[in-house]
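Please find the structures below.
In the two assemblies presented below, chain A is common to both, partnered first by chain B and then by chain C.
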Partner chain A sequence: MLALTLQIVLNGLTTGLVYVLMALGFTLIFGIMRVVNFAHGELYMVGAFAVTVLSGKLSWPYVPAAVCSVILVGVLGSLLERFLFRRVIGNEFNCMILALAVSICLQSLGLIIFGPDEIGAPRPVTGVFHFGSGVIPADRVFVGVMAILLLVAFYFFLNKTHFGLMMRAVAQDPEVAALHGIRPKRVHTAAFAIGSLLAGAAGALMAPIYTVFPYMGELPMMKAFIVVVLGGLGSLSGAVVGGLLLGIVESGFATMLGSTAAALVAFAVVVATITIRPEGLMGRRS
Partner chain B sequence: MLRKALLVLFAALAFGWPLVIENRYVTHIGVLIDISATVSLSLNMMLRIGQLSAAQAAFMGLGAYTSTLLVMRLGLPFLIAFPAAGLLVAAIAAVMGPIFLRVKGVYFVLLTFALGEGIGLVFQEWVSLFGGNNGIHGIPKASLFGMTMLTPRSYYYFALALAGVTYLVAVGVFRSARGAVLDSLNENEELSQSLGVNALSYRVCVFAISGFFAGLAGSVYAHYTGFLSPEAFAFSTMVDMLAINVIGGISSPLGPLLGAILLVPLPELLRDVKQYQMLTYGLLLMAAVLFLPSGIAGGLRSLRQWQRSP
Partner chain C sequence: MRFMSLVTGTAIALAGLSSAFAQDTLKMGVIGPMTGPGAQWGLAAAGGVQIAAKEVNDKGGLKVGDKTYRIEVVPYDEQYKASVAISAMQRLVNQDGIKFVFGPVSSAGTLAVMDISRDTKTIGITGAYSSKALDPSNPYMFRVYSVASDFAEPMVKWLKKNVPTATRVAIVNPNDETGWDSDKLLTELYKKYGYMVVAKELYERSVRDYIPILTKILAEKPDLLDVGTAPPASAGLIVRQARELGYKGHIVKIGGSGPRQIIEAAGKDAAEGVINYIPADEQNPAYQRLAADFKTMTGNEMNPLLVNWYDGAYILMAAIQAAGTVTDTDKVRQAFAKALPRKSVLGGTIELGGKNLYGIDNAFLTTNYIGVIKHGDVVAVGTAD
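Right, the complex of A and B next:
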């Protein structure tokens, strides 16, 4: 029983950490720009394809391939903000439609370039770790460790650097921030780039574990959305708590009742959260 | 006056062309336009009160499955199953409405998105009732007063009538005194509440009407195609209906009509290359948001105002 519980928690933590990566970017973009980024799953997909091409077709080692993919998605995000979202910022409805349009375009470009088939990326880590009667695949542990490193880096960036301070200022009050000499537009570009980068990192980390195909972003996008609603839209700490919570609860439900029940419960929780406490578990009432 | 003349011409064209062009395939696209126009109009009603409902495709699916199951499992005639499909969805919207419509903007979108995904998941996983991902085959054709509708043309006229009624209701709801209240809710809710308007009950009412027509459209779709699968009512369908509204223009019911006529035939032209069809939709949607935010209908209106002013 103890081993089973431990197994459930460990499985949940590793998936939960990837949810956190997705949700953090999603909630960062919403918190700073008020954009519900429906294209977030597609940025994950681009990251996964990039790492598959670099480490598979061009046979680069995994780490440089992943770093390049992540940077590529970050650049893509900054371009999206600079040339598309900047023009409709301030209008939540138009931002949402634009994000949907971007999502459709990226998905169809994925289909045009790579076709609908599921492909695999080379695995950088293989083997399993044993603990008592429990087993955990080494590649999962690798993903978990990398995700934690990224989260710590992101935390330091946001809380200990000058640019992070500027970002938090714009999220709180763009006008007052502008009065203090911060250029909200520049912060917007950076926030979109960093949000995208996190999604790209999640994609690059998961590519060797799951298969890679143009629609692969839909599920992580859904999870990010559930996590973000649970934790509170725009709340970073909420995304971390919500992501880990969803990972563990889902892993428990999936083991006990099957994954459909887990998904339905997640949707019910979303509906309950928005109707009872729209600001989420950790969000502030505005 | 011009507007009325145009609408009459529009209606005459919509009614007359299948009599001149006797092509099954073209008529088939006509039926799809009618059904999409109905669902897009139902979405338009929600957009007019400032709430983007992402559950509209799922509502259409609920109507489709309800009608199908009533006919196939309970042996009820189409004449009963058809209104029942609309009423069931309306009832669900009326029950959910008071809870859902308390929240606004992004939160309402996310809420209805979750509802739509949940409904889709039930269609997929409750295999014994909804047939799962294999769907339901061999749905009997609709019959009215002892006459079975077999040809695409009969469905075309039936669906056209449905789209027409939906259009009239959408216009009527917003043109009446109640419509003024509804528009005021979109403009300034606090002010209208201060005048004693119960905002929530108006919104719930529109949500139920919108669900009703989405459900009816689903019923026609089910009996016309004879085959249902959860995929037809997934989020991508919802995005199509939204694109029809945005590109056509969301500020009047004319927008979704224009949008449906323009956008529904498009995938058929690019039928063999699904990925290019998606790309076209995406690019058109992007272009509409960036360059024509009030859609074609809005563009026409400003063109007319520009002509009038010397």
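Right, the complex of A and C next:
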């Protein structure tokens, strides 16, 4: 039983860290721009396809392929903000509809370019690690370590850099921030790019672990949504707590009662959170 | 004025002449998952029918009675969802006016459209694995290939003989009509042949992380893991993740075929030794010709099930010709008994049967092979008949 519990926790932590990466980008964009970005899953898909093409078809080493993929998704995000979302910022409903439209367009583009087949990306790491009686595939450890590094980098960027301070200022009050000489539009573009970059990073990291196909973003998008509702929409610490919690709870229920029960529990937790604590575990009451 | 009358008259005469020589069109629908998990099966259905239709059209069309028809194929995506399959069937029947439909490919979709097929007398040629897909109450529904209930027992017998060390079986299937049916069938068969079924799991089709359910399964220490009717890419991920968790036993797939996609998703090393049901021998020259045609047409690798849909299209066309009508589906369904048996493009014989299992002779009984993945290739090692 101890071995099974250890395995459940290890599985949950690795899955949870990817949820955190997805949710961080999603909640960052909402926190600063009030945009519920339903195209976030498709940015994950673009990251996964980019790394698959670069490391698979063009035979690049994985790390440069992943770095280029992440930058590509970041640039795509900044372009989406600059040419599409900027026009509707301030109107949450229009932003949501626009995000849905972008999501469908990116999915369809993926389908046209790559077809519906699920393809595999070359794996940068193989083998397994043994933690006591638990076993964990080396590629998942790699993903977990990379996710932690990204989280730490993101934390320092947001809390220890001037631009991070500007972002937090715009998130709190864009008008007062503008009075202090901060240009909110510039911050919006950067926030959208960084949020997209995090989704692209999750996609590039997960591509070698799962298969890559145009609709692969739907499930991670749903998980990101659950995580931010659980942790608190717009709360970065909530995204971390929510992601890890969801990963471990899902792992436990999927192992003990099956994947259907795990999905049911995830949504039951969302319903309970919205009912009992609408602002989420770490969110602020507005 | 006289010149204008001459031009107009000539135009009318030419129009009349061209319509006299114009071919009538016979539309055939296809309903299958063209996107998402299982897309390989839907694309195989559409591809097989389209290749057969193109061949017939290139030879001048399908002669039925004293008329010759150009075949037009109308495919719709069912997304492996019953509700979408119903919409597709209603559109084919009511809007496109189609009387002959290949599919749905999924069991849930097929069971959902059974009433529409029967009430509108639309011939359906399904790819559903569920035993409920063929029923005497709907004589218009046929099945294009042998399914698990036809080949599972010969495969389990083959395993008993060729993998004698395995005794403890774990079974994984999707949590839907197809999976439930497969789970029931495989459990009964493994028990019948003296195996101990130590674990059974059903998973949601959207899931990609199988490590939690595999953790539970592997705790029961199976030495034979059957991935049943999991779509090929999902099966590949299950294979890879099971190997990563340290599973060293045998892996078998007695269900929907797709060894190439298993290799793609699992990787060559993890897929080594996986035993698959395969509907066709890939070394056969006719198979390779169809694979090349499909690659040219779609740019994708061919799923072996395409062979069955290709053969199925020719069987339907033979039945229509034998019935001498494209509108009276009662005559066409009765004419399947005249169209079969016939040779498959790969050389085996396809027969009409199924009464002993389903109460109605509406199953195309095809030759089934057992394939083993070796060094990234699929090698046929026997037949499962």
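The working rule: the second predicted complex is superposed on the first by the 286 of 286 C-alpha atoms of A that agree within 3 Å, B and C clash if a C-alpha of one lies under 4 Å from a C-alpha of the other, contacts with A are read in each partner's own complex, and residues count from 1 in each chain.
The rule is short, and it goes like this: a residue touches a chain if its C-beta (ideal position, glycine included) is under 8 Å from a C-beta of that chain, and two chains touch if they have at least 3 such contacts.
It should be emphasised that the depicted structure is a prediction, and the values quoted were computed from it without experimental measurement.
Peer 1: Between chain B and chain C, positioned on chain A by superposition, is the outcome a clash or a fit?
Peer 2: The answer is clash.
Peer 1: Using the superposition on chain A described above, determine whether A:229 touches chain B (first), chain C (second), both, or neither.
Peer 2: In the superposed model, A:229 contacts chain B only, not chain C.
Peer 1: Between chain B and chain C, whom does A:251 touch in the aligned arrangement: first, second, both, or neither?
Peer 2: second
Peer 1: Touch test for A:96: chain B only (first), chain C only (second), both, or neither?
Peer 2: first
Peer 1: Kindly classify A:161 by the partners it touches after superposition: chain B alone (first), chain C alone (second), both, or neither?
Peer 2: After superposing on A, A:161 lies clear of both chain B and chain C.
Peer 1: Does chain B (first) or chain C (second) touch A:84, or do both, or does neither?
Peer 2: The answer is first: A:84 touches chain B but not chain C.
Peer 1: Once the structures are superposed on A, label A:210 by its partner contacts, choosing first (chain B), second (chain C), both or neither.
Peer 2: second
Peer 1: Give one of first, second, both or neither to describe whether A:275 is in contact with chain B, with chain C, with both, or with none.
Peer 2: Only chain B is touched by A:275; chain C is not.
Peer 1: Is A:11 touching anything from chain B or chain C once the two structures are fitted on A? First, second, both or neither.
Peer 2: After superposing on A, A:11 lies in contact with chain C but is clear of chain B.
Peer 1: Contacts for A:128 in the overlay, against chain B (first) and chain C (second): which applies, first, second, both or neither?
Peer 2: second
Peer 1: Please state which segment of chain C collides with chain B in the superposed model; the candidates are 45-53, 81-89 or 117-125.
Peer 2: None of the options clash except 81-89.
Peer 1: Once the complexes are superposed, what residues of chain A are shared between the chain B interface and the chain C interface?
Peer 2: 111, 260, 263
Peer 1: Quick one: in the complex, what on chain A touches chain C?
Peer 2: Where chain A meets chain C, its residues are 4, 7-8, 11, 15, 111, 115-120, 123, 128, 135, 137, 210-211, 213-216, 218-219, 250-251, 254-256, 258-260, 262-263.
Peer 1: Can you check the complex and tell me which residues of chain B touch chain A?
Peer 2: On the chain B side, the touching residues are 52, 99-100, 102-103, 105-107, 109-111, 113-115, 117-118, 121-122, 125, 239, 242, 246, 274-279, 281-283, 285-286, 289-290, 293.
Peer 1: Over in the complex, which chain C residues touch chain A? Could you list them?
Peer 2: Per the touch definition, chain C meets chain A at residues 34-37, 39-40, 43, 175, 201-204, 206-209, 211-213, 215-216, 219, 233, 236-237, 241, 244-246, 261, 264-265, 267, 298-301.
Peer 1: Once bound in the complex, which stretches of chain A touch chain B?
Peer 2: Touching chain B from chain A are residues 30, 34, 36, 84, 87-88, 92-94, 96-98, 100-105, 107-109, 111-112, 222, 225-226, 229, 233, 260, 263-264, 267-268, 270-271, 274-275, 278.
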